[in-house]
Amino acid sequence: MELKNKKWTHDEFGAVREEILKQWPTGAEVDFEEAVKYHENIPAKRQFAKRLIKAKKNGETLTQPRAGVALINEHINLLNFLRNEGEADLLPTTIDSYTRQNQYKEAENGIEESKRAGRSLLNGFPAVNHGVKGVRQVVESVEAPLQVRHGTPDARLLTEITLAGGFTSYEGGGISYNIPYAKSVSLERTILDWQYADRLVGLYAEHGIEINGEPFGPLTGTLVPPSMSHAIGIIEGLLAAEQGVKNITLGYGQCGNLIQDVAAIKALEQLAEEYFAKHGYNDCVLTTVFHQWMGGFPQDEAKAFAVISWGAAAAALSKATKVIVKTPHEALGIPTKEANAQGLRATKQAINMLRDQPFPITKEVEQEIAIIKAETRCILDKVFELGKGDYAIGSVRSFEAGVLDVPFAPSNYTLNKILPARDNIGAVRLFDTGNLPFTKELIDFHKEKMEERAKVEGRKASFQMVIDDIYAISKGRLVGRPNSK
Amino acid sequence: MENKVKVILGVIGADCHAVGNKILNHAITAAGFEVANLGVLVPQEEFVNAAIETNAKAILVASLYGHGEIDCRGLRERCRETGIGDILLYVGGNLVVGKTDFAEVEKKFIDMGYDKVYAPGTLPDQVINDLKNDLVKRGLMSE
Amino acid sequence: MELKNKKWTHDEFGAVREEILKQWPTGAEVDFEEAVKYHENIPAKRQFAKRLIKAKKNGETLTQPRAGVALINEHINLLNFLRNEGEADLLPTTIDSYTRQNQYKEAENGIEESKRAGRSLLNGFPAVNHGVKGVRQVVESVEAPLQVRHGTPDARLLTEITLAGGFTSYEGGGISYNIPYAKSVSLERTILDWQYADRLVGLYAEHGIEINGEPFGPLTGTLVPPSMSHAIGIIEGLLAAEQGVKNITLGYGQCGNLIQDVAAIKALEQLAEEYFAKHGYNDCVLTTVFHQWMGGFPQDEAKAFAVISWGAAAAALSKATKVIVKTPHEALGIPTKEANAQGLRATKQAINMLRDQPFPITKEVEQEIAIIKAETRCILDKVFELGKGDYAIGSVRSFEAGVLDVPFAPSNYTLNKILPARDNIGAVRLFDTGNLPFTKELIDFHKEKMEERAKVEGRKASFQMVIDDIYAISKGRLVGRPNSK
Amino acid sequence: MENKVKVILGVIGADCHAVGNKILNHAITAAGFEVANLGVLVPQEEFVNAAIETNAKAILVASLYGHGEIDCRGLRERCRETGIGDILLYVGGNLVVGKTDFAEVEKKFIDMGYDKVYAPGTLPDQVINDLKNDLVKRGLMSE
């Protein structure tokens, strides 16, 4: 099939579907009509989209953890624990890494080894292997809206099984689940495969079942400038909307400078409304998600709590619709359920203390919003141009050209030419703008900001500065200054 | 011209964590080694093949995502089978699922045949130091 | 001796001193001349005043815990632990409650019981009982500037012993260590007794020994409006300056609304500079201390970490010179040294992540600064007026008249007429302004703010609202809304 | 006119924590009791004297600051000596130094002769409920 940003026909979808459901025996359990009926009976309080809309209306910031283990009962216990002891508003099911790479045999092996070991040897829940029945056991045992969270380049079978299983929200996109997660899978391939997943969500929508979709905002989680993640998020949102997705949450990973973080969420909201309207997707409900710091964490739990709490504060002050929560174990390993609940409770406390405090839109915030919007527009409009009016084709060409570029990504399909570093007040800037289609003013702006910092530190901006910034938060700072400073 | 010692670097299994890999690559190269960086998502045989092809003196295996226990098992045997059973094998990252006592983890991986096992958050300098010492000890590098 | 705000003569001081040093056998160990020599040999890095001045210059926010146990060696271990594992910049010695009430026999008993029990049965370090020699053991075993922190209405002997022992900073004042800490000790008495303590610091200053003094800013720690604690802090600062204290740190306890907290520190700095200059104390170095939330804490440690981290963030954003740190054990009991170090490390992480981020002085912050300054001036000027130009006499009369009034204080010497509550965005306002000498505009301002909240909550401002606010943070919120809201 | 049951309230020893005391006073009064609130910094004998004077049915002792263990010892004996050995004795607050297992603390204070021991953070409603139940049980109050 040729890539273009166009809603798949029923025939196109049907033909691929037949193949997909054969990829693993559990595919046979999927019965779309029955699944629609199943969804019709899911009570409102377990519907993700409804909960988000309510939160948006009330100005709430909802909390959501990451969590998944190999076995069904353990997974149910984990989720209920996070609901009851962690006071989580929304729940996830994080999928294991074998499933993400479609290595279902390895996943099966992991299930068996986990049973023997009496603890999870998988880093997530292998939903394909557990099948629709297994997934429904989970869905029915948990009193909260549930989302699939993964990082799967080809998630077609996973989507079929988890949605038929009753999940009401689904994370991912053809760019954000490729570039940070894969090495040699072509973008053309993953965008096509994600059109399938989005089309499936669209099909449910056509049958009256509202499923929330969420592009993965943070990408590599490592000094990604807001304009790059915004551009990619909005493109993925538009591609999803074209396939019929009606309830979309756009994401952003905390950079750490409060002004930039607040501005980023505001800019994301405004840009998304603008581009969705411009391209005629007027019936989409848009919300935002703020990810607490996604880069390297401090190993010390007390310090990790400070990073978590600061992320919670920034999320609340930016008025994002939900926040994805880290845990005090982040630097070391998949958290115990207790550590996960601790991260959630710290976050809840911070959010609740700040929910009544509006953050003033100062001129600094306004300037930052303007910068982020200008940059994002440069990128988006160039993508559109390269694709000759098609964002899907434009994305492929833009990654080739370095118009879209994700720092530190493992994929061979991103040029890796841009180099981000913090400026003197900790905002993420570009010390090398690579091939980004920025105006001269914008390029100069980044240059100035980096020179300002370089001067303060008495050194030139170099790759060492980038490395220092990567380690900074885990070593207890925001800006990676040389030791003496 | 000095002949640089060759080492293999990569992230094993279905693991896509790339940041540490890029930094290690940068640092070890800067320290004077010739690094064949296989990047992320590297199967065991690719490590072994690369080592044979380049006549590398060490393989540095990273595993961050928690499946290290499953993925790393058998690499030493595979090296033996292909005639490079003596090669220096380092492993590091976040090797097992969950926050665990490192001494246990270390023992587990030493038993699997790794020469050195690194705790989460290890800095490149330490790796480079150990590498130099071990290679000098083995007479594969001059001081 | 008759109370007036006038530097004591050497004779006045000497006469009282003779009595004081006889109050407990260890008083005999005090030899002022020798103590001055002892101080001359204290290296700069252990001098509190010097460290504060450096921090002020560099825009740092230093961390300081509270800590004290009954026995000398345990106390030394505790302090070194907080230095090494907690990364504390400044160290305290918190005095036990018997010593604070001059019950040295009970303190002796507590020391004995602690020796037998193998754990501290006292809630602090009984410095008087340990004497100059005991204190010096501590001072010489710890590589950081050390401060005495207590809450002692009559601290004269304690001051003599701890300063002779080598402490370089001293907390307290005649108002702030009476009203929140005592029930029936007259203000006249405590202001006189604190003139003694301040005069002693002044004597050291005259001999070239710079000792830092710090009025206790947070008072009852419970919804104290910034203008009241600022007025009292500035009065105590002025009284101390008159007795010769040259290095003064003024304090403020976090209220919880970020705008108000940032504004409070800025207003405190500006007002203090203004009033010190106005009254001719131009050679005083003034710094500020921000106390993390001083009211009831959540019992859950994860939630406590969020409160701590948020306090750290507010301290850093307000650029206070130092921050006094709470611990995850706060709600339950005196912290273990581990919990104390955790609070310190979380604070350090938050401060370091924020140190490069200046908080914009927005119009909201400016307005709040203006309000706090206007209120504080009303109070201070009335105190001055009632005292006919004497702040000491004015303070006594002002407490009688309710011009100075500390909410929830145990003392019979405060009218307890004002009733604070939070407004709709969580700033501390007055739901009853009692007898405060506010202008009509200011009174109306408070009324409006309370009505705004009352309207949102659909209830009248009442004592129940005050109670709800007192419990709010410990129950996970800032504003104590009725359940349904 | 109903005769209100009298209770004594105060914070014992050298303890100055006043906030909880004021709230308890407010809540217990609102619940229909007559509270003789002695405030903070109250010595044992003052509790006993006040109880005798007012013919109170219960003494509510608070200790927040950590010296509760030392301060509260012997109060029951003192009550006995003065002829009110049966009076209801409640104690609450942060009774000992440090974060401690509450069951241990409870046992310690029960052994000292207190009828009920309250954990940190107890809300007034619970105290009022218990007070009513205990007084009804003793026939000192109608339901």
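Here the chain labels run A, B, C and D in written order, and each chain numbers its own residues starting at 1.
Here, a contact is a pair of C-beta atoms (placed from the backbone, for glycine too) under 8 Å apart; a residue touches a chain by one contact, two chains touch by 3 or more.
For clarity, every value in this text was computed on a predicted model and none was experimentally measured.
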item: Chain centre separation in whole Å, for chain D relative to chain B (CA means); value: 66
item: Distance between the centres, which are taken as Cα means, of chain C and chain B, whole angstrom; value: 55
item: Length of the line joining the C-alpha centres of chain C and chain D, rounded to whole Å; value: 30
item: Touching two or more other chains - residue numbers and ranges from chain D; value: none
item: Category of the chain touch graph - line, ring, star, complete, other; value: line
item: Every chain pair in contact, whichever chains are involved; value: A-B, A-C, C-D
item: For the chain A and chain C complex, residues of the former touching the latter; value: 256-259, 298, 300-303, 305-310, 312-313, 341-350, 352-358, 360, 362-365, 424-426, 473, 476-479
item: Residues of chain B that touch chain A when the two form their complex; value: 13-19, 21-23, 26, 39-41, 65-67, 69-70, 94, 96-100, 120-121
item: Chain C residues touching chain D - in the complex, by the definition given at the top; value: 97-98, 100-101, 103, 106, 109-110, 113, 119-123, 151, 180-184, 220, 222, 295-296, 299, 329, 331-336, 339, 408-410, 463, 467, 470, 474
